[in-house]
Amino acid sequence: MAGNMIGRAFTVSTFGESHGVALGATVDGCPAGLELAREDIQDELDRRRPGTSDLVSQRAEKDRVEILSGVFDDMTTGTPIHMAVYNTDVDSSSYASLVDRPRPGHADLTYRMKFGHRDYRGGGRASGRETVSRVMGGAVAKKLLSATHDITIIGHAIEIGGVVASEDPDFDSLVGSRDNPVRCADPEAAERMEEAIRSASEEGDSVGGIVGIVARNVPLGVGEPVFGKLDAELAKSLVSIGSVKGVEFGAGFRSARMAGSKSNDAIAEIDGKPRLITNNAGGVLGGISTGNDLVVRIAVKPTPSISVAQRTLDMVTKQDVEIKISGRHDPCIVPRIVPVAESMVAITLADLMIRGGFIDPSRI
Amino acid sequence: MAGNMIGRAFTVSTFGESHGVALGATVDGCPAGLELAREDIQDELDRRRPGTSDLVSQRAEKDRVEILSGVFDDMTTGTPIHMAVYNTDVDSSSYASLVDRPRPGHADLTYRMKFGHRDYRGGGRASGRETVSRVMGGAVAKKLLSATHDITIIGHAIEIGGVVASEDPDFDSLVGSRDNPVRCADPEAAERMEEAIRSASEEGDSVGGIVGIVARNVPLGVGEPVFGKLDAELAKSLVSIGSVKGVEFGAGFRSARMAGSKSNDAIAEIDGKPRLITNNAGGVLGGISTGNDLVVRIAVKPTPSISVAQRTLDMVTKQDVEIKISGRHDPCIVPRIVPVAESMVAITLADLMIRGGFIDPSRI
Amino acid sequence: MAGNMIGRAFTVSTFGESHGVALGATVDGCPAGLELAREDIQDELDRRRPGTSDLVSQRAEKDRVEILSGVFDDMTTGTPIHMAVYNTDVDSSSYASLVDRPRPGHADLTYRMKFGHRDYRGGGRASGRETVSRVMGGAVAKKLLSATHDITIIGHAIEIGGVVASEDPDFDSLVGSRDNPVRCADPEAAERMEEAIRSASEEGDSVGGIVGIVARNVPLGVGEPVFGKLDAELAKSLVSIGSVKGVEFGAGFRSARMAGSKSNDAIAEIDGKPRLITNNAGGVLGGISTGNDLVVRIAVKPTPSISVAQRTLDMVTKQDVEIKISGRHDPCIVPRIVPVAESMVAITLADLMIRGGFIDPSRI
Amino acid sequence: MAGNMIGRAFTVSTFGESHGVALGATVDGCPAGLELAREDIQDELDRRRPGTSDLVSQRAEKDRVEILSGVFDDMTTGTPIHMAVYNTDVDSSSYASLVDRPRPGHADLTYRMKFGHRDYRGGGRASGRETVSRVMGGAVAKKLLSATHDITIIGHAIEIGGVVASEDPDFDSLVGSRDNPVRCADPEAAERMEEAIRSASEEGDSVGGIVGIVARNVPLGVGEPVFGKLDAELAKSLVSIGSVKGVEFGAGFRSARMAGSKSNDAIAEIDGKPRLITNNAGGVLGGISTGNDLVVRIAVKPTPSISVAQRTLDMVTKQDVEIKISGRHDPCIVPRIVPVAESMVAITLADLMIRGGFIDPSRI
């Protein structure tokens, strides 16, 4: 039942399969009067595109986006913004042999059993390629948040293949993470992360990691208790990304070992506004933003597509079989998830900020 | 904007403040024909009730629930099931002095700034007492899941105050966790957890922990890609519980350090059904349940109400002040969150199982 | 599946059966800072209460409402406002004999077939008594609309039992309609309507009619194309009232016979604002309010409960049978639907005005 | 705020402007396993296409639809079905002169005031051309209803320009209405309707009318009380069509003048099932389908685009001005609304039948 739409006031509805005709997104609820050009979307898509370094998939998708509605004279009109990319570099040949042999770690088994008939090519709807639609929606949301509240959202790799970046980078370092292929704010760790990925790749294996996302300039008051809390909505939108196995806010799982006297963030006036002095809360208290930086982390599992032999079940013969997955896969998905995670945070913030009256729903 | 309802097919709408007249929940979308008695709700409420041991708050709420609609001759009718408890043991005196001094770690600051006018008594709507409504809704959901699919949901304390239970308890031990006051499946660790709580309590401080939730007999196929995924919806419903700072599924954050060849769960036929042999996935692949146990963990921060001195801001005088919180507070909220977490899992499963056609929406 | 909630930003969730314990409503999404007293709700409930004249049912419900949450010191707090009335004057004896013999014109047959198990007493959930919950929600919405935009909503009987009121009453006459038992703005017609009702009543029969609703001071811009249009949402909320068989806006069905040159409303500046000079549109163009009066009419069928003999099917014996319905029924439901219709218009306007940014969702 | 999506279980999300790049729809929630070809959609689109007779607009849109996702090997996969048509025959020249002079009867004024910046060309989003997206969604819904329940939905012109068709046509005549350009089941009236349209056209004027829609084989039990009633949801979806000013069910507004003893439909067993012998209810009681034919009528106002002189306001100069609208417009929109109205009924039925468990949401 209808699960391909997210948001209530600012909604993103997506469609498309990995090897289908096209993928796209419809953003509904973006107010009129926002400057928006094709390049705004394209720039974000380029950040998640495969083929950008030797660390990621060599599928050579151009992913040229087109805006088909909702924008007139490079400005939004308050009507649905529809964006699409057409698939071009499609090679479905390697999937036919796997059609009855579900790949471990993938959604092959569950989609087959749930839907019966499915587009198995390239993982179909369950492919990571689905995230191009998320980035399209995120690009619009980012533009809206930036234009109305000067909000910046930065994702970065905190850990890859066991290599951990130094803690608490300053904001300039975070922005700098966009310059290296692993998207890590710590240049020294970034190099070791690259090595870890290459090492796994050479063995036909893969690695996972942790992505951090920071949103700056989110005003105090965003979030709708008790179920539409800011952190609850973010948890949903981030865990909905394929391969994400966990999410935490501020001190997160570490707070489980803190004393209350350590975990509580003292309150004081900063720049004329009440703020938390420390940020164990990660920018949200009682489900409502505090005005501090929003700080979130997600756990990303290693790419399930590996060329190492794996055991699975042939669904027709009911025999145990061994498969090796060939094709052009990312040995580590973490760098490419960075812009996707940013997008989901942006979409959720845009939605809750319109719901909370921070952004006029009709025109800015 | 309207955030106090969760679910789409099976919805729970809640109301009530800590020291208000009453708290309650309306369950809409429960099919007709389910046997449901007042005691079914009461039993679950009793599990989260304060005053049950010296480890939790001594507020002596009876929390006697009444069913006001939707049930006729002890059987549901398909119409909204409304449940309420009246507040009785209310002592609001200690809150008046704190009205302009937001308690660190609480939602006082954010509610005040967002809503302006608020019921500050006992934390008002942002109190942990709000969770009685969740447990009411969860009780109905549990009954529905049990009656239609023999699903059992067990929450248990995995870690409290730094004390970690032994890993991977069997299902009987999980059920046994209900017998000790900290709700831990490892009796030896349970004793040390009690000590940790008492020790923090004596210092006027508090501790946090980790709660695990396991759902057994969830059929393969539950969850609606790509935003209504089972894990995404669970993440939202669990993080919406106050004090929860993180959530993970299966291997969770540990999967970030695994190789793909280790993280992927091999597939085989078990009892005539395709299943994962291991369960790093935690029972969900591509956002759809695998038929394996659903395995989730949440991080719970230490109770913010402590009698240790804390720094905060007087909102009227704009002065830095020091406050100590008196009153009847839990030095550790973990044991009482256990039934709440179970409830949120049950509500989310009931919702997605109706959405997915596993449960008839009109009558069972 | 969950159909007992209406609205998206300002939501009303209702529960309760005619002869159950209680009926009520939860309003979620009302901003903080609105003055709201128990009497505000009670006054509206009293307008739909039975027993107010010899023209309506003599059931002597006091319908004393209680506000259980969301209001503190007579002012809303932005949290859910829960209201309930307890049933007192319940006499279910006359319904037992009809339990297997569905009353024509009622929902007995459809509820029985859909839900299997149902509370048949007094019509259960399908009783007109369900509308007390709508009036509770409407009372809050009216208060909000009045406080923020000075909006007044007046319902009135246009036609009853074939007696038609004079057309186009001025606004003062509309308000005056509240003074006569049939709620008609034309005093002369009102008397003949009373006669028509009494005449039908003496024959054990019933009559229907047409209710008009006018909303004044609705600003230009309310409504969300292309599915959340103001008139579309109003059509849903008004047709959801039991016994309503049609709805029309402005010239409505008459516009089907007009020429375009007659139907189109010319545009001019009035009081410094662009407005329609005539109002065939009924205050809505392209699904968006024009700033003119909102003008809606609904068709109300005659009360199905009559003591005249009727043919129906005994569901157990499968025999054709004849039934006569005794008990305390309204020979005409039109006057009591007036406040219900006003309520549904108010709820829909409040919802769309928050969605459209006309009312701040957090605090006014 | 996000109003361009309809439905909850079977949703249709639409986008596109009259003279923009493309228009389209995304259907989410259609189960897997439904045979669906491009031609199924194209056939329905061809029925609403302009240029099919001299009675409708001569805009020569080919409206060639493409399915971009959700269908594999001509069968649905349970993932979103995305459909689009590209605009080709666009001539925006005539609109530039009207940009600051809102056309009476159109949404020019309200869109301008609400959104500020808009695509005025051809009416932009508010154009009747928007309905191509509705027909796309409706085509999928019809296929689903037909395949699972053999449901047929027929729309037909009941009245055009004051010419009224003979009452109560049999079902074969209804189907036959598709053969004449005005879509009327009464061939003799059809000819006079054509004359009425031509006569208005020659005067540069336009006419309206009434469309009836009948749905056959809807099972008993569809609809979700008390707000998600079948008639309430239909009212919303039908009134959301541009130019529709009213909707009624069964006896509709006529029931306002009936006695209860006449309005109530007696119940009897027909073909082994309990059914209403007459159908004043129009196939719905208590918001739930009765199993009888679903009978709905909508009032359609005359096309607002006329070449007769009309008074309006120049929004820049604030002067009263006179305008005449040139271009290729329909002198009567009724025949082209017929397939649109069928589509909205189909979408609403598909949605409620999935919500009610009549159609499996995952696979058929």
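Per-chain residue numbering starts at 1, and chain names A, B, C and D are given in the order in which the chains are listed.
One rule holds in what follows: contacts are C-beta pairs under 8 Å (C-beta built on N, C-alpha and C of every residue); 3 or more make two chains touch, one makes a residue touch a chain.
All values reported here derive from a predicted model rather than from experimental measurement.
Of all chains, the one whose Cα centroid sits at the greatest distance from that of chain D is B.
More contacting C-beta pairs link the chains of A-B than the other of the two pairs A-B and B-D. Separation between the centroids of chain B and chain D, computed from CA atoms only, is 45 Å. Averaging Cα coordinates per chain places chain B and chain C 38 Å apart.
Chain A and chain B have centres, each the mean of its CA atoms, that are 26 Å apart.
For chain D, residues touching at least two other chains, in rising order: 1-5, 8-9, 14, 79, 114, 125, 221, 225, 355-357, 361-362. Note for the complex: chain B touches chain C at residues 1-5, 7-11, 13-17, 20-24, 26, 28-29, 32-33, 66-70, 72-73, 75-82, 84, 114-119, 124-125, 354, 361-363. Only residues 8-9, 79, 221, 225, 355-357, 360-362 of chain D touch chain B when the two sit together in their complex.
If you check the complex, the residues on chain A that touch chain B are 1-6, 8-9, 14, 102, 104-107, 109-111, 113-114, 125-126, 130, 159, 161-162, 200, 205-210, 220-221, 223-229, 231-240, 242, 245-253, 255-269, 274, 276-277, 280-282, 285-290, 299-306, 308, 310-313, 315, 318, 320, 355-357.
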